Amino acid sequence: MSDHALSAAQPRPRLPAIPGVAIVLVALALVFAAISPNFLSTGNLSNILVQSVILLLLAMPMTLIIMTEGLDLSMGAVLTLASLVLALTVVSTQSLVLGLAGAVGVGLAFGFVNGWLVSSLRIPPFVATLGTLGVAQGLALIVSDGQSVVGIPRFLRQVYSGETAGIPNPILIGAAFYALFHVLLYHTKFGVYIRALGGNRDALTLAGVKWQRMLVAVYMLGGAMAGVAALLLTARINAGHPTAAIGMEFDAIAAVALGGTSFERGNGWIFGTLLGVLTVGVLRNGLNLMAVPSSAQVAATGALVIVALFLDGLRSRKP
Amino acid sequence: MLNLKTLVVAFPAALLSTAALADGESIAVFTKNQTNPYFQAVRVGTENAAKTMNAKVIHYIPTKPDSIPEQLSQIEDVIVKKPNAIVFIPVDYKAMVPGVEQINEAKIPVVNVTDRSAGGKFLAFVGADDYNLGLETGRYLLKKLGGKGNVVIIEGVKGSLTSIDRVRGFNDAIKEFKDVKLLASQPANYQRLQALQVMENLMQSHPQIDGVMAANDGMAIGAIEALDGANRKAQVIGINGTKEAVDAIKAGKMLASGDYNGFVQGCIGTMVAIRALRGQPIVTEVVLKPTVVDSTNYQPYDVAVESRSCPAWDQAAAMATKTN
Amino acid sequence: MRAAVKSPPAPEVVEEKPDLGTPLLELKGISKQFPGVKALDDVSFAIWPGEVHMLLGENGAGKSSLMKCLCGAYQADTGAYFHMGEKVEIRTPTDAKKLGIAVIFQEFSLVPYLDVAQNIFLGREFKSKIPGLLDRRRLYAEAQKVLDRIGLEVDPRTKVHTLGVAQQQMVEIAKALSQDASILVMDEPTAALSDRETERLFAVMRQLQAKGTAIVYISHRMAEVFALGDRITVLRDGKNVGHAVPGETSPDQLVRMMVGRTVDMSYPRNFRAPGDVVLELKDISATTGIADINLVVRAGEIVGLCGLVGSGRTEVARAVFGADAITSGEVRVFGRIKQGGPDVAATEGIALIPESRKTEGLALIRTVSDNLAVAGLPKLFPNHLFSPGRARRSAEALIKRLRIATPSPNQSVGLLSGGNQQKVVIGKWLAAGARLFIFDEPTRGIDVGAKSEIFALIDQLVAEGAAVLMISSEQAEIVHVCDRAYVMRGRRIVGELSRSELSEENIVRMGMHDE
Amino acid sequence: MSMSSQTAGATPRLHLSKDVVQVIYRLLAAGLLCVVLAVVTDSFLSTNNILNVLRQASLLFFLASGLTLVILSGGLDLSVGANIGLSACLAATVIKATGSPVLGTLAGLGSGTLVGVCNGLMVAKLRIPSFIATYGMLWVLHGLTYYYMGGETIHGFPPGFRQIGSGYFLGIPIPVYLMLGFLAAGTFFAQRTVWGQQIYAIGANPVAARLCGIPVDRRLILVYAFSGAMAGVASLVFLARLNSAEGDIGEALTLPAVAAVLIGGASLFGGVGTVFGTFVGALILTLVLNGMNLLAVNASWQPLVTGVIVVLAVWLDMIGRRRT
């Protein structure tokens, strides 16, 4: 290890390495554009973006959580529960604000518990959030008694299906939150501390930063974003459903990994996650347009994750 | 009779700019998952019908079984591709309504199959009456038991329309027999293994179980395996009339299965869609009559779905419960 | 107090009352208890402005614990702190910071994926005018100022993980300096630095001293103690065992105080005629950048491999062991061409004692016994069946032979001191029956007493016919111990020094960069 | 140095390793659970129910035991459930095609192991984090299985083959014997072989293990191959028990298997845990679910209770470890 010192002494040319995910994304887009004439239509591209937003809303906080060397397996289940709470609240009160407050509240509560288990009880994040995954899933089934919640008023659906200034609302929401996360990670203390949480917690302790609180905050941010995503999901499916987003946390984790964020040492970037989410979206969309059988789509999703990580691995191994 | 029921419906064809299409139409078929044999039967039915009518079908199945967001995405993608018509089984009859509305907006004619959607405009609905299927099959079991004894119900996925209606049918059948006692009603999510374990556990709490009503064949067979494993006997019924259930009925292990006939649903759904495109007369609702498959009448079901063939349109139209 | 130093064996604690006025910071009667260990036992300690106060002691003597109490990372169980004569509390790092205490830690407190500037100002970010955001321009400007001050030519936007160990240490120093502390604590700051960087650091220290900054300096290098120190405090077993002033004491006396017994610091060697060639490298180049490496190690000799940090020494060791891929050339071990990875190397009798014990040498959560067995498993259990009893007996024999201080073979190895951990790393290769040992910085972070034990052990190994290749940054060690030495520069071997030519001057001359 | 005085006076005392202490606590917990269930339900203590619990635990244990080795080595295998699906379907096909249970068994074990080897290669050679590599593999396997099965089921196997899932010997189900056999074999492998010890070493510090001359890559491939092979074993027992193969047969089992390993005391950081602990973990998980069924608790509560137990078990462990 010590012997890398010399080479590092000369300032390295600042050539950003092209991440595996970008190569994969461009390759996929080229292939689909060549094969399927509809792929590059404005309608379809906007389609892909709109469909990717819910996953993006989960994958961005997941990126931050993974950068702290954490993981949140409960996100899909919390999203489901939040969506049910939102649907029930909106149906009974006709108030979007109350509904959203309820959903975000549920998310924050689960995020707090996750963060508390991880930071105060020092339970490994995988275990802690596997536990809360079960709790959220159970609560979702109990709250809904296994039934869909319907009768969602029109104004809620408008959140998802409406447009503002000619741009679909979900894209605007996604863009706004992307900007927020970018600023959060690169222009605030919080972002600096997130990388320190994953990279070297002792450094924070010695700098007098109360990192336990930061860690709880990161998980709470994840919960809150699940609450926001619940708004879009509920508006999208026009109902609350007890299994609507089960397993979505794994999609989010895969997108983050695809984007090149590492599970160690606080090495991650939010733009990579955006690319990861889009790659998943483009792949699904393209395969659907090409009418590829569903079984092949399933396998392709798995292969995509493996190939992108393999490409990243190849490059990082070069000296 | 036939002529009365079958009326010409001209408007869907008029919507199409390419009304002249005689054949080669593409039909997008939406099913819930890749694992349940029932949906495979539907898919084979659609393919069979399309083949005879010289059209082609493309299947869209969520990669995650029964995933609502994924089926919605698939609808959006399919709309871009603009197939001539859609045959549609919603993964959730309530939550997929926005998807159906998008299809309607894109002016793609769509036929609803199996689960009746809670909203949206369809050319027709083709399905079976889950409630009556449950009621009839349940009655059949209870009569075999001599109108008395202890029974358990194994439910499907909680909140799914098919499970709710079938279980309601079971319960109403039980109410008709005063001497029948319902011991328990537990969900096993249409999963064989879960049904097996639920049954194993139920046998612990209930030393005498005479009859088992399962909301599908897979669960019924899971329950039979559990009974076999414990060396206990009970009469078991399921629903769907799958090949596996027919084999079990033949072997005397299973009493009966209510025929849900996904194959025919697929056939008729596709026929309606294609006929509408070609400006031919269609029907607007087909609810298949419940048939209980038992050891006396299993022969027609004792063939793989792939080697069955669709009914002719006259026969199909004869089953219609509503026409325009 | 001076009398105490002159009268071995170890003196009792002596009260010290120099006429320097009020100390800048005074610690009185500090004690700190950990489960099973009393890390600090009634330690008192004072620092005056403008002095360099040397803190000496073996590993585990309590230096690090004392420092951590000083900077608020630990809370002392008992004792009091006085700042300029006033009683103060130090319970958190923030308290310490308010008193102007800054610390340069030996174990890096840097965050790998933050850049140099962000690391320097971690926890002290500059707020932008827009609420909640950071002022990045000011951050980099301020960082550049600090870097200029210590002469580190690195872009403040460089991510720290791309830097070498020496540069990271310099960033660590920059981080402490940027706090404009009145009390600066340095824990072996030069351990990873080259001579050039060390010189720069000393120059900065002299500036600080002139400005009245008090410096607490921990070192295992006697030369530094005498070159820099104004006052010396020695700790042993968590107790304050004495004070001294450099001009009035000698290295031997200090060592006696640290160890509590007489230690021979000359690392005696019994030089004898070397045997057959054990290791031969012919024109080796590897993916890690080393090129055209030729060297020979014979049975019964210790061959040194020296050069600056970063000159490619570790890479040579790893290439021999098969840990990094070789692109050209051949490695011959016991006359046979060696190919393959570390597993092949191990079966052929090669042992690597890596530079970083904790991350590369040991499984810290496992027991001493497990760690001692791990390399020798195929040899101890040739039929592939593991026997805990036999593993334990083998471990007990090694613990005895190597004098490893552990309460039981079942102790977690992470709880042992550095020297004992190093013995475990060596012990596992004895169990594996290795005949060629490659030591990479075998004495880094190890106290004086353990050092001489380890050199005695190495001497014993070669006496029994083993061959040893030893990497060390401490030229004195190479000079004392080695039969011959190769010197590296810029990832190539630039020369070989025979026993008669071996001197620190020659090593430094050959190893320096042409500038 | 401060230790030297202690060495001299160290007296040999009964040394219980942390692993052993952990397992004792878990056995106590399982025992307590049994006592509680015996008191609050009347059916728990029947022989049938005990055998029932053991048999259900065995299915979980097969999967969890292979997973334990992976987790010991510091990795994770999320593909085990999907692996069961593919292996069961292939084994079923071979049995159907050849009529030979032996060939079918070989096919199931072979495909399971092959998948494991692929996982191992990805983790060891391509250096993809195991979590992601096996998650990708999960999808690939699902895709293959779905494609291969086309939504059908394969059912009806020879009675001889079915014995391994539903047979009895001396009144005890065969899977229970299999479980005890694999428990003994797994424990022997982990504790009493050189390879087992090397796997612990790899889990505790992979870099140090490599620099100790342990062929880390080969051992990792071995570990994942074992995990795959155990998925193969599980697939065969499932097949024999359920008498049918479906694509999604093992889907719901991955996370419970991970939970069983965690409840059993293994650490996701690697190097800590025992196969016996996992056995007790599987037992505790099964006991809780069995108890909830016997008490007729709504099935919706199951994920919630499982989640709480996982967190509780790991937390108590950590408290225990911090004290020592």
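Per-chain residue numbering starts at 1, and chain names A, B, C and D are given in the order in which the chains are listed.
Throughout what follows, a residue touches a chain if its C-beta (ideal position, glycine included) is under 8 Å from a C-beta of that chain, and two chains touch if they have at least 3 such contacts.
Source: prediction; values computed, not measured.
K.L.:
Using the touch rule from the top, work out which pair, A-C or A-B, shares more C-beta pairs.
P.N.:
So, comparing the two chain pairs, more contacts are at A-C.
K.L.:
Distance between chain A and chain C based on Cα centroids, please, to the nearest Å.
P.N.:
Result: the chain centres lie 42 Å from each other.
K.L.:
Counting only Cα atoms for the centres, state how far chain A is from chain B in Å.
P.N.:
36
K.L.:
Based only on mean CA positions, could you tell me how far chain A sits from chain D in angstrom?
P.N.:
Chain A and chain D have C-alpha centres separated by 30 Å.
K.L.:
Calculate how many whole Å lie between the centre of chain B and the centre of chain C, each centre taken as the average of the chain's C-alpha atoms.
P.N.:
73
K.L.:
Hunt down the residues of chain A that sit against at least two other chains at once, touch-wise.
P.N.:
Counting only residues that touch two or more other chains, chain A contributes 141, 145-146, 293-295, 297-298, 301.
K.L.:
Among all residues of chain C, which ones touch two or more of the remaining chains?
P.N.:
In chain C, no residue touches at least two other chains, as defined above.
K.L.:
Going by the contact rule already set, what residues in chain D reach two or more other chains?
P.N.:
In chain D, residues 139, 142-143, 146, 300 touch at least two other chains, as defined above.
K.L.:
On the basis of the stated criterion, which chains touch which? Give every pair.
P.N.:
All chain pairs meeting the touch criterion are A-B, A-C, A-D, B-D, C-D.
K.L.:
Under the definition above, what is the set of chain C residues touching chain D in their complex?
P.N.:
Counting only chain C, the residues touching chain D are 37, 58-61, 237-238, 259, 321, 323, 341-343, 345-347, 352, 354, 359-366, 370, 373-375, 377-378, 381, 384-388, 405-408, 410, 416-417, 419-420, 428, 432, 447, 449-450.
K.L.:
Spell out the residues on chain B that touch chain D in their complex, using ranges where they run on.
P.N.:
33-37, 39-40, 43, 63, 65, 158, 184, 186-187, 191-194, 196-198, 200-205, 218, 221-222, 225, 228-230, 242, 244, 247
K.L.:
For chain C, which residues are in contact with chain A within the complex?
P.N.:
Touch list, chain C to chain A: 71-73, 92-94, 97, 103, 105, 107-114, 118-119, 122-125, 128, 132-134, 136, 153-155, 158, 161-167, 192, 287-289, 309-315, 355-356, 490-491.
K.L.:
Using the touch rule from the top, collect the residues of chain D that touch chain C in their complex.
P.N.:
Residues in contact with chain C: 1-4, 6-7, 10, 15, 17, 191-198, 200-201, 204-205, 207-215, 218, 271-272.
K.L.:
Considering the complex alone, what residue numbers of chain B touch chain A?
P.N.:
Residue list for chain B touching chain A: 34, 58-64, 66, 68-69, 72-74, 76-78, 80-81, 92, 94-98, 118, 157-159, 187.
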